[in-house]
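A, B, C and D are the chain letters, set down in written order, and residue numbers restart from 1 in every chain.
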Amino acid sequence: MIETLDQIFVLLRHWLVSYLPAAWQPLVGVLLSVAAIVCLFPALFALTTVFERKGLARIQNRLGPNRVGPFGLLQPIADGIKSLTKEDIVPLSADAAVHFLAPVLLVVAVFMGFAVLPMGRNMVLVDMDAGLLFYFAMSASTELSVFMAGWSSRNKYSLLGAMRAVAQMISYEVPLLLSSVVVVMMTGSLSLTKIVAAQSGFTWGLPHWFIFTPWGCAGFVMYAIATTAETNRSPFDLPEGESELVAGYHTEYSGFKFALFFLGEYLAMFSISGLGTTLFLGGWSAPFSFLTWVPSWIWFFSKLMLSIFVFIWMRGTLPRLRQDQLMNFAWKFVLPMCLLNMMVAALWRFMGDGWLRWVICSAILIGAYAAMGWGEMRRGRIGPRSYRYAE
Amino acid sequence: MSFVFYILAALTVAGGLAAMLLKNTVHCALALTVAFAGQALLFLNLDAQFAGFAQILVYIGAVAILVVFAILLTRGSETPRDGVFSGTWLVGLVIAAGVFAVLGWAVIQSIPVLPHETAVPAVTVLQIGNALVSRYVLPLEIVAVLLTAAMIGAVIVAMHEKEGQK
Amino acid sequence: MLGEGILKGLAETAKNFFGSYYSTERLTTIEYPEQRIAPFESARVFPFLVYDSKNTGGSADWEAGMRCVACQICEKECPPKCIFIEKSTDKKPDALGKPQFYPAKFDIDISVCMSCQICVEVCPFEAIKMDTEFELSTTDRFGGLLLDRQQLAKSNEYYHQIHPAEADAVDAKLEAEKVKADAKARSAADAAAAKAAAIAGEGA
Amino acid sequence: MTPLASYLLVAALLFSIGLAGALTRRNAILVLIGIELMLNAANLNLIAFWRYGPHPELLTGMMFAIFSIAVAAAEAAVGLGLVIQIHRHAHTTDLNQMNRMKG
């Protein structure tokens, strides 16, 4: 029974496909999975928008949307209808073809990333040998559509926002890759299913997730910072800083195309959270040995939603960075820490079992972190801000 | 299988042609990414997964963006007044056509001796990685040095000169 | 330590997030159409005309009890010029029994009114006061908020309801004026009577 | 399966397009794009020969292509940096106007 529940989607697909002639079965099976992904994640996106608004409201001691449907849960439907029926405005001087292609390509590229994410036991669309590389290749190609959107609008705010977004995504892609490389170093594989398999098993009821190792924990923190910047979320949301750039690269988009950008941003958030879950949080495996009976896909999606919650929480807390602070942070703090983390991971790998490697690896990472923070603070680069005119 | 190849080849060649023929420089860069993507798909068609994804990651994710940045930094998106092709375009075209003729002739002449299809090589990423750090370790190190040098060089070349140093 | 401030901030927002679910002190939002706050004593929105129902014998005849005498001061003083008054040609006895003009027409365009309360300040007859009614939405774009004197007229009791303290003061003042006027009338009547008597005496 | 000759012809065509572009365009950046296309054509040849060669498990062609991709990225970075510097100096990217050796 529990086995069936765990594999319910796989069995469902088998059952549906079994009515077809054998020659069609693989193709239709893949199409069914694609359809499931294409339906599920936008639905999750719709729910997330309303939860994000409610969560942010609660953080600011407000109520949030509560008018449409029970607890405002039907708000995304109302928003969807609104954006679908809105007039689709293309600026007169815009490059119409590129302007149209940009949101479409963005969403397509983001959707491609879901193909390699294992969302449960046996639940992966393509179990690719180079899955992680594929994922990063796809996420790298979203940058170009952001640029296309900004450039084709013929609006200086759009162009500025796009240039900022592209510069930011390029800079933070380096730490993103380097923080993921530690996992590849330890598992010796780029296949995401193998990475999940490497984190299975329990010691004293606790799982073997990579986040519970010194290098994994540091890598996860770096990964979280890089993903926040990569998806243009607050506090790194200066590509769309409303106060200075109107809305960044999607200023000139309206109606359904704007909704596509919105969708793309949230889908990128889902997929990159899913990847982080897979790399550091054990993918679909249970957090305690006595909870292994819960279906694997429930674990994957609860971890996913937990990371989305952290995204929202950070958005409700942190103010936006300045461009120079952003770049300094990427190149002068996150990147060196990632490189150090790679070395620590190598050290861990070759020190063998025992408590010594725990002590040494943790000491190196914490020491480097503290020293870097102390040095930066002494030079006055970071720390409490002073205001010239206020107070 | 062959059908897929023709589509991809057409995509690649069309992207390349557009990149070289269009007036607007940014359009050229975007067409170039189409050519790169087509090429990556051709790599996948040749069962070279790793090379295909590396192609997308490096060319579409980095080189195309670099080109686009360079175009915007040099105000290249404004169409020049006196045409996009140089005065000696005919000579260039003839040379290129000649090169193509020679290459094509060579390929067609060698069709009988070209190797025919073999079984799909079962190459995993693990094998590629092992090869990189065993048999090809020296080229790998040299590439690493080259990339570092190129990075430093690019930064120094593109950096603003300080006003006081002039 | 680096990142300490971020953690502090996250803790603060988490406190707000969970706190807003059980602490009403944090969640101060009032969901307006369902929940309302009681109007404040000092709330002032748009002007209305007061009429007395007392001197008409309790009947709610707004026309007879209207305090306005169409002096047109408010019309002159109104900064956005949203009051339009047409004086009557005949006179009617007012609350004091004195024959006075009355407004044959008294219109206020509420959509133009800026709630400055100058009309109330300048009115010597305590006839125009500020209302607390603010839900004035209407489907008629042009005429919907152009209120005539019947729509503007509201009883003194209503005035007592919305601004009790102020209405009491106004009533006391009017009462005093009335007493004074009565006394004056009486003394005038007495004097007239005395004069008449004197004249009569002289005549006799 | 497509014969090797088709891949070689596509690569030759791509190479010629890149060459023609590099020889005829005025904009320095587009000349660089042409060179990139030529490098890509070479990569396609390498991969095709690796796939059809007698010993694909030795990965020679694949490795060559991967190194070539890395070198091309470096070349693009330095080349575009140079173009930007020239533009800063001469205020043009038109190769026909860059005919002075004096700064």
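Just so we're on the same page, a residue touches a chain if its C-beta (ideal position, glycine included) is under 8 Å from a C-beta of that chain, and two chains touch if they have at least 3 such contacts.
None of these values were measured; they are calculated from a predicted model.
Of all chain pairs, the one joined by the greatest number of contacting C-beta pairs is B-D. In terms of the distance between Cα centroids, subunit B is separated most widely from C. If each chain is reduced to the centroid of its CA atoms, subunit A and subunit C end up 61 Å from each other.
The distance from the centre of subunit A to the centre of subunit B, each centre being the mean of the chain's C-alpha atoms, comes to 29 Å.
Per-chain CA centroids place subunit C at a distance of 85 Å from subunit D.
Centres computed as Cα averages put subunit A at a distance of 34 Å from subunit D.
Of all residues in subunit C, none touches two or more other chains.
Within subunit D, contacts with two or more other chains are made by no residue at all. Among the residues of subunit B, those in touch with two or more other chains are 50, 54, 62, 69.
In terms of inter-chain touching, the protein chains here are arranged end to end in an open line. Pairwise chain contacts in this structure: A-B, A-C, B-D.
Interface residues of subunit C, counted against subunit A in their complex, comprise 1-3, 5-6, 9-10, 12-14, 16-17, 19-21, 26-29, 31.
For subunit B in complex with subunit D, the touching residues are 1-2, 5, 9, 12-13, 16-17, 19-20, 25, 28-29, 32, 35-36, 39, 42-43, 45-48, 50-51, 54-55, 58-59, 62-63, 66-67, 69-71, 73-76, 80, 83-89, 91-93, 95-97, 99-100, 103-104, 107-108, 110-111, 114-118, 121, 123, 127-128, 131-132, 136, 139-140, 143, 146-147, 149-151, 153-155, 157-158. Within the complex formed with subunit A, the subunit B residues making contact are 26-27, 30, 33, 37, 49-50, 53-54, 56-57, 60-62, 64-65, 68-69, 72, 77, 124-126. On the subunit A side of its complex with subunit C, the touching residues are 55, 58-63, 66, 313-314, 316-318, 369-370, 372-374, 376-377, 382, 384.
By the touch criterion stated above, subunit D contacts subunit B in their complex at residues 1-10, 12-27, 29-30, 32-34, 36-37, 40, 43-44, 47-48, 50-54, 56-57, 59, 62-63, 65-67, 69-78, 80-85, 87, 93-96.
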